[in-house]
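The following block contains the structure, expressed as structure tokens.
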Amino acid sequence: MVKVGVLKMGAIGTALLVEYLLDERADRGDIEVRVVTSGAKMQPEEAVVAEKLKEFDPDVVIVISPNAALPGPKAAREAFEGKPVIVISDAPAKKAKEEFEQKGFGYILINADSMIGARREFLDPTEMALFNSDVVKVLAATGAFRIVQEELDRVIEAVKKGETPELPKIVISAQKAVKAGNFQNPYAKAKAMAAYFIAEKVADIDVKGCFIERDPEKYIPLVASAHEMMRVAALLADQAREIEKSNDTVYRTPHSKEGEILKKFELMGKPE
Amino acid sequence: MVKVGVLKMGAIGTALLVEYLLDERADRGDIEVRVVTSGAKMQPEEAVVAEKLKEFDPDVVIVISPNAALPGPKAAREAFEGKPVIVISDAPAKKAKEEFEQKGFGYILINADSMIGARREFLDPTEMALFNSDVVKVLAATGAFRIVQEELDRVIEAVKKGETPELPKIVISAQKAVKAGNFQNPYAKAKAMAAYFIAEKVADIDVKGCFIERDPEKYIPLVASAHEMMRVAALLADQAREIEKSNDTVYRTPHSKEGEILKKFELMGKPE
Amino acid sequence: MVKVGVLKMGAIGTALLVEYLLDERADRGDIEVRVVTSGAKMQPEEAVVAEKLKEFDPDVVIVISPNAALPGPKAAREAFEGKPVIVISDAPAKKAKEEFEQKGFGYILINADSMIGARREFLDPTEMALFNSDVVKVLAATGAFRIVQEELDRVIEAVKKGETPELPKIVISAQKAVKAGNFQNPYAKAKAMAAYFIAEKVADIDVKGCFIERDPEKYIPLVASAHEMMRVAALLADQAREIEKSNDTVYRTPHSKEGEILKKFELMGKPE
Amino acid sequence: MVKVGVLKMGAIGTALLVEYLLDERADRGDIEVRVVTSGAKMQPEEAVVAEKLKEFDPDVVIVISPNAALPGPKAAREAFEGKPVIVISDAPAKKAKEEFEQKGFGYILINADSMIGARREFLDPTEMALFNSDVVKVLAATGAFRIVQEELDRVIEAVKKGETPELPKIVISAQKAVKAGNFQNPYAKAKAMAAYFIAEKVADIDVKGCFIERDPEKYIPLVASAHEMMRVAALLADQAREIEKSNDTVYRTPHSKEGEILKKFELMGKPE
Amino acid sequence: MVKVGVLKMGAIGTALLVEYLLDERADRGDIEVRVVTSGAKMQPEEAVVAEKLKEFDPDVVIVISPNAALPGPKAAREAFEGKPVIVISDAPAKKAKEEFEQKGFGYILINADSMIGARREFLDPTEMALFNSDVVKVLAATGAFRIVQEELDRVIEAVKKGETPELPKIVISAQKAVKAGNFQNPYAKAKAMAAYFIAEKVADIDVKGCFIERDPEKYIPLVASAHEMMRVAALLADQAREIEKSNDTVYRTPHSKEGEILKKFELMGKPE
Amino acid sequence: MVKVGVLKMGAIGTALLVEYLLDERADRGDIEVRVVTSGAKMQPEEAVVAEKLKEFDPDVVIVISPNAALPGPKAAREAFEGKPVIVISDAPAKKAKEEFEQKGFGYILINADSMIGARREFLDPTEMALFNSDVVKVLAATGAFRIVQEELDRVIEAVKKGETPELPKIVISAQKAVKAGNFQNPYAKAKAMAAYFIAEKVADIDVKGCFIERDPEKYIPLVASAHEMMRVAALLADQAREIEKSNDTVYRTPHSKEGEILKKFELMGKPE
């Protein structure tokens, strides 16, 4: 039984689902999962939750947050130095790649898990949820979440076998996402890439809307257009999957009870 | 500062986002949030995570899980008896309503937060994430999440004032969801209700596909059709919101820094 | 030449087209059809039209109406006792199944041929026609109408051969509909099933809107949302067929001049 | 009580619903309706059904068929000479306009109620039903059916008052249809007109596909493309209505119990 | 090196792109192209631009305009009598077919390159551009532009070889367009044909709106509906291509550097 | 009468239509237009066409090409030094802004008029036309083309009055485009901005696909995804306009016969 500890600080799309990606039908017998989070905030003082997670004595630690280059997430991961720690974060975290490498942290940085349009005139809980719904659609349908699944499973597998796991060092680009998406139709693949590229670009617009423009007349249209982009990216990623459905070639990778990754294409077929 | 403890067991759509619904821009100064979960599982033994949450000494406790009538969630909420506890769950939890009332637990049961199609031939992490994306879209766009926001905020507000909070006792039907959605166009409202009704029905199909049919030739089409229903419900809920957008009447309820719920309709207007 | 008498009372989607389902190109030489109806009404006194149909001396009688458990349709079919009578009706008629069996009536009850939102504030001739357009789309594209075709043709064939026909005893569920739909792509099949399930659910909402809620503020949104559900079911059923089109695997079963059911898949191929 | 007799020969879209257009909620107390038809066929010998209708002694007679210039429909209407007879038919019936005028028949000729693609390789009962679903959508959503409703109601009203009714003499063009559609948004109106124009054009293609081309390699694509045109016309007509919905300006004309045509625009308002 | 001279008078959809159809990647070494135009106008006096083109001494001349039967285009092509001249125009130019034949001009007349809705209340530069975008989509996606490409390339090839080219004499109907479109799925072909038929019909409506109706209350809805038709034709043509994409059977005919037409179907394959 | 000379080198979306943007109904009496181009190519030697344009002795010169920083376009504009020259180009031309300013050239650089996916395996004349159709849709529907119209008209107006025109110096960003688009609904504006941002991003992907990746396995998916992005941007821009249509607030700016820019919003209204 591998103990997987997950520490979440603040919200990115991947954070919503990361623990379920490991055990989508809640029937896996080889892992025990514990997640702690202090909610939406990610100040250094939130890193106290790391203490709670330590009591669980995890074999593998996942620290997931927006912009892992910030002090809060940094403090959190450093609390687990010495353990296999995997940082999951978004594009701005690329600034900290060197630090990750130096300290031996694994990392999965997801370019398309873009920043939300966090302006009070625009973002309420409903809009926040809708944006995350779209982000999740993009990351799942393009294949990005499968990389997260595969990399975490690989590390867990190594720990299970008593080996020192090789931690992931991966920045998920459109190309890498769709490779994991394993699209059988090349236009489905192209649409998925397009969705991913659009989702990536959202971050630029939202950064401008949240941190650069100060006039509501300017920043409201910016953040609103960024969310329209994510919405259209979600629709496009969905369309890519619909093509695979129309050919009965959707690639699926369910976990077995023992935590292996099974594979299948035909809907009516058996995963193997 | 009100301490809000959230205990999650297993996955329902609302669980993905509940802590962020309270503080969508991570700038709220009046609450401190702590979430613990043991991931996808919800056996009684998972209720140990309640102990960790107790150490946080929360003022308000949210226990969120599928089917709160099961022993696992029951054990979890009972660990907090005496505190203001709010159970958030789905339609099957209605069976436990009487128990909630007797023990003084508040509850928010969300009819449309339907069970997933948890069959190995169908459900892999990708499909799981896509289904949840659709559920979140339905719950957010119809107004169901706004009820969660409003009810939790109301309890927090009472605690902040030192009052004994009146805990929510609500089953979210289509009618209640769209009332909170506050649609200004009656067809947008009708579409949102339609989306909610379809999402509700998904549970029936998935129960049949997961627990009744034993032959893959039968249950795979059932769970696949249930997810198609949720997908179309999400598209329909989105369309409802698009109508409100086309009239510039989207209702938004962002939190102020002090945790009040502000209100606005026109995109370029100020929340008040 | 088999004489087929059709008696319609009131409107369900199937009633609009039932006689044309038997002879879609009006070139069939083996049957003679006579239809009488008293229009939208279905009171027992409307059953007088049965007398007119009797003068035609039909070999096979089809009595088609909503809720065949009501007195009007009952009187109508009883006027033909002794002849091969096939009742075609909707889900509420399931209450009369035992009676059908006892009296030797055949029956085809179509779950998804749901009640309309018959409220004056909502339903005018235009809305009525649009709803029926959607119902027909669902019943045709999922495969439900093919069951009607096949069962009626089977009975006619037996009569033609001088045999005592075995009358149909069938409640058309989603599963049965799509089996007749003969979808070659499993996702097309899943979408068709989803469409059928949604269409079924419409009846519940319309019953509530028409018979239970008395306040227009409540029942108008209900019937409006029911029609939105049927609209989306029609779009989804259409999408299922579009998938089959994209694979050139649409199943077609035209009648030959002699009234046999021919079969084909490839659009440019010959029916055989 | 006005007795309305309807004789149907063969199938056009309007024939499917004409009796229900008069009494969409089956609660009208001022009319009695009797419909007879011999199904899909329209040979002169089918006109015998007129005899049955005569026994009903109708005050108003509606004879509805494709191409009313053909001998079958001609025989049928002539059986009722002397009574107020209204011919409802499609564009090819325009050839008989002079005859209608001479013999004092009223007529409503609906340009967009186009001929089906009646080729055995293409048209089976399912395709036939789908095409009719699309035709009905176009005719209802553009406003064409409202002209039928209004003209028939006007005649019935005159008969009720003991007056000699002025029979309709109308060819329903796109412009006339959308006038009755009473669109409040000019782009909705333009889309409805576009849908109507496309539906009209379907007849040309189907005539070519059914009567001119003899090679299946040529006529199958033609009839298939004609149905694609009708499908897209239906989607466009639906879009027109969606615009009116988004502005809460859908025009509705339900019947009162007494058979008057009521009017309303706002969904939540009362018809008056 | 073949010198291709293009003279444009006024705007049709094909005129926007004709020179790029010959050299889509600007890397073709075997031709030199010169285009002159006097913009939107097409009066006989505009034919002076022909003089400029003559100075280029083209081996092949393309004269492209709406309604080539008008005096302006006539003067322009006559300026090049004796050279191989190919007239490219729209449906009204069919009136001049006999003249083309007599004078030895080649011609490509494109039925679906329909007249725009040139009414000041409706047509501004933005609407004009949008209409042309839709026309180009229809002509490209159905296959009509491929005929233009193939016919021009054929003539250029002959000139290159020193042969007297056989000039094209072709009226592009829906059937011819989709043959060049080389659709592998028969429903994609049917949709493309439907799109083409709709686009053709646009001309009738626009002629009525521009030249017959004089009352803005009448002609504005007409031209607006004509543009809605072209918009929907574009969407339908796009859908046809999407089907081919979903099967990875999009037919492509890029030019080689040497000006040959290469062919391919699979996206990842090599053109040959 | 102002003589407007247009020199095109190579293809960008704006080049297809620039002369028609000045005179969309071909009835403007105050300008004379002459366009010359050497087709798709843009080598310095193509600049000879400038000589032909000089003979026309234009009052205003427009030099339009991709990447105006390249030697070909540079030679072309320099041929007209001393005259009012306006360079119209795409984002890469920003490198030449300083040069434009120094030499007194006006410029309009359109960020979203992105480079095409010019790879032989992907780009044939059909794909080229489809991409341009999408680009034109984006540029027209967002408002970018209206800036081109307004700036050129402003210069022409000055020349007409005998004034020295102030030449435009403008880089069209999303914000500037939608300002000219004059959207009345803020979500329509946000969608238009989103479309523009996506279209901008296409250039990055196509540059990578055309100039950086050398392996077809890598560059084909890149250019294919870039075109999917442009396609989705076109659909989104169209949706923005559809919202304005649904509110009858489409902004139109037709030219009067005298070349003034008129303005209107309501479709049935008069431009003024």
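The chains carry the letters A, B, C, D, E and F, assigned in the order they are written, with residues numbered from 1 in each.
To be clear about the criterion, contacts are C-beta pairs under 8 Å (C-beta built on N, C-alpha and C of every residue); 3 or more make two chains touch, one makes a residue touch a chain.
These numbers were taken from a predicted model, which means no experiment stands behind them.
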item: Each chain counted as touching chain B and chain F at once; value: A, D
item: Intersection of contact partners for chain A and chain C; value: B, E
item: Equivalent of B-F within the choices A-B, D-F or D-E, defined by over half of its residue contact pairs recurring; value: D-F
item: Pair joined by more contacting C-beta pairs (B-D or D-E); value: D-E
item: Averaged-CA centre spacing for the pair chain D and chain C, given as whole angstrom; value: 21
item: Between chain A and chain D, centroid-to-centroid distance (C-alpha), Å; value: 56
item: Two or more partner chains touched - positions in chain A; value: 186-187, 190, 220, 224, 246-247, 267-268
item: All chain pairs that touch each other; value: A-B, A-C, A-E, A-F, B-C, B-D, B-F, C-D, C-E, D-E, D-F, E-F
item: Chain D - residues contacting chain B, complex; value: 245-248, 250, 266-268
item: Footprint of chain B on chain F - complex, ascending; value: 185-188, 190, 243, 246-247
item: Chain C-touching residues of chain D, taken from the complex the two chains share; value: 4, 6, 8, 10-11, 16-17, 19-26, 28, 32-42, 49, 52, 55-56, 118-130, 132-134, 136-137, 139-141, 143, 145-146, 149, 216-217, 220, 224, 231, 234, 238, 241, 252-256, 262, 264, 267-271
item: Touch list for chain E against partner chain D, complex; value: 174-175, 178, 186-187, 189-191, 193-194, 197-198, 201, 205, 218, 220-222, 224-229, 232, 235-236
